[in-house]
């Protein structure tokens, strides 16, 4: 069924689009070849005029600039609306035309390969994590002459060089596609400089404060060894005690273990939508930190927690989950961790300001919102 | 002890008349056999007497007591009904299975009386030696005896048996019917039994009720009722009935050929 | 004569009582072990002391606020599911039935999801209870739907099972629909909730489960002969003076209460409700007077063992207990099925 539909689409495409395609093809004989993050070699006709974006509008805009937004012909709006509603709000506020773009959906959930083929993009950009959900679709798209490239900014191992390498490669893929390689280099340099600034200072640190990062959607779910938080904490000179007992990405921690470990710092992460009570406590659309503080007060209201160092010293924080992974400004999460773990050492570090700078330098919109909140004095 | 009197009982199922103004009397100390072709309403008749289904009209009397005015609990203490399909739950000893027949009397704590009667009945029926065996290990014949025992521990005044010997071999058939007759006489119970085998009915029943299409076609002593004409019109068969005084023997020969299908 | 019937009674009945005592002892031992196991090491004596008065403040908090609620919840929820499973198998006359057969878990999951996705709650209650209250409400609603179907079509086991399957599918698809529109975190929360975990235990919740379990088991115990009679088939039961349909409805209401209250506090823990009754039945027989406490104890044993394992497998972390109960229970159950010389149904 699906195959025949595809076949039909192809025929239709060939017949109807023949003249048009030829017309364009005459002008665009040039192609570029990029090796994406999965090591796939992809050939793309340049200049790229039509892009379908499945992930990372922020990074796309950071590298491509305001002009690149007009090249978008389709977007994975579903993911934005569901996972990063505040960011989506920001985008459609400043660029209402994004709202009108066809929603091609999230791979593994709502992805519509036929819609993508219909849009005749020059390239489809997706995240590495999506590949396993769209292996077959990638083949179909390739058959239809639509190249797919995968990028990835997620810190997979506790190795800065490797992270830089992947972030660099991913940004350069965007740079090449959008013909803005200089700009890509600039963004990457900004990213690397900020990471190195922290790493250089924390390198020699012996006493590592203990920290646990909790998700807010389940009471005792903590981020483990394979999570990005573990990586950032490690680089920031901290000790993610949950990593000792949670070998994977995240999992339930024994409440007693928290009491026993007695962390010096507690971090909660959440998105724009706080799961219980459906409150919006943090993110681009939030104006003040009072609701986040309320949420934090509720979050630490657990038996025995008043004895924890972190709670006694009010070193309890909440951070927007979107800062922690998957984007060229994820260094901000590292900065926050560093500042929270070593407040004296990083007395002059201002993560919010660095995020602000990133936005003013690279993003086609101003920065608003509340991104990280401390519990505050009693 | 009671006499069961069925008066003008009718019963409808989905607007189909299953029982049509049934009248008969079953005396105490006698076995009344209900016979008739499939679908004649035999099982339904037993169920109305056990108060499992309510007749749409008519009344059943236990002596002078109206069944419709009796409480279900009281009926269950007077009547034991052994349905055609019986479930014996897997993980129970024979002793327990038999004792379950006393549920209308059982308190949360089992009384001495209950235990005594259970053992007494098992002894009477000769199954006390496998009291501790699990019921699902029994053979078909043993199973049926256990079920009869289960029906008897209630010390019923009316015993209703729906085809109790259908699936048994010939020796077991005879043994169980023998047993039922013995107990019926000893305890002066009113036993009503649905049977398919006309010869067995003739051998063991004191009285026979022949049902056909929901109506009582004939009733009386087996030798009075069972004859070639009745068999031909009720069952649609040609049969030979041999008589030797009050004893009779039915030898079925062939189905009657009939243009309109079955004769009823 | 006197001695003889008493002898048979003794051998048959005291065997049952013996097994129940064994269950109870195992249960108690597991509960004590459960209280003692945890990242903060504490000996038997210090656990006991801190249970009574706060000798060591941290340990006191740990025991009273974490370990005790979990231990109690494991016992009570296990017991509730065991009992609910037993009665579901009995009234449906089906060895494959479990508390979730009638779609109660799907209903509860849907209710929880409604609470998470829309922030809706059916009663004005504190935030901690919105999800359980919603889950309970929808679980109970599911049962009422089944009742409604039964009312129209007659309370036979076929009607109930088929109706239950249909309603389970309905709620599953509605749940899937909700999940489809849920945000990342909400989805995680729903999935996690569905998983079944004792981490949500608190003492008040344990008290609620206890009250429901005590009430329902007392009510069922007082009807134990009538319920046992249901196993003899509908007609036999009717001839024993039992109003079979009313009995089914009554028992179904108790099952609904038990399952809803268990599910709404700890999420869906499968398998116990299916297997605990069978374990009890194989060793205790069909007599509900023994089977009711037996199933409660077996359920409590399986979930307590699971709770201990969930803390021990990765010390410091909590392994989802739902996964473990199956892993512990299945081999044991299969052993009983394969090695046992008795029938299992």
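A, B and C label the chains in the order they appear, each numbered from 1.
The working rule: contacts are C-beta pairs under 8 Å (C-beta built on N, C-alpha and C of every residue); 3 or more make two chains touch, one makes a residue touch a chain.
Bear in mind the structure is a predicted one, so any value in this text is a computation, not a measurement.
Least step count on the touch graph, chain A to chain B: 2.
Chain centres computed from CA atoms place A at the largest separation from chain B. Inter-chain centre distance (chain A to chain B, centres taken as mean C-alpha positions): 79 Å.
A separation of 43 Å divides the Cα centre of chain B from that of chain C.
Chain centres here are Cα means. That of chain A falls 42 Å from that of chain C.
Annotation for chain B: no residues touch 2 or more other chains. Residue ranges of chain C in contact with chain A, taken from their complex: 38-40, 57-58, 61-62, 64-67, 116, 118-119, 127, 130-131, 180-186, 188-189, 192-193, 197, 199-200, 311, 314-320. The residues of chain A lying in touch with chain C in their complex are 82-83, 85, 109-110, 215-221, 244-247, 251-257, 259-260, 270-271, 273-278, 298, 303-304, 307, 321. Interface residues of chain C facing chain B in the complex, by the touch rule stated above, are 1, 4-6, 8-9, 11-12, 93, 221-222, 224-226, 228-229, 231-233, 235-236, 238-243, 281-282, 284-287, 289, 342-345.
Of all residues in chain B, those touching chain C in their complex are 47, 50, 52, 72-77, 79-83, 85-93, 95-96, 100-101, 103-104, 106, 108, 110, 115-116, 118-119, 131-132, 134, 136, 160.
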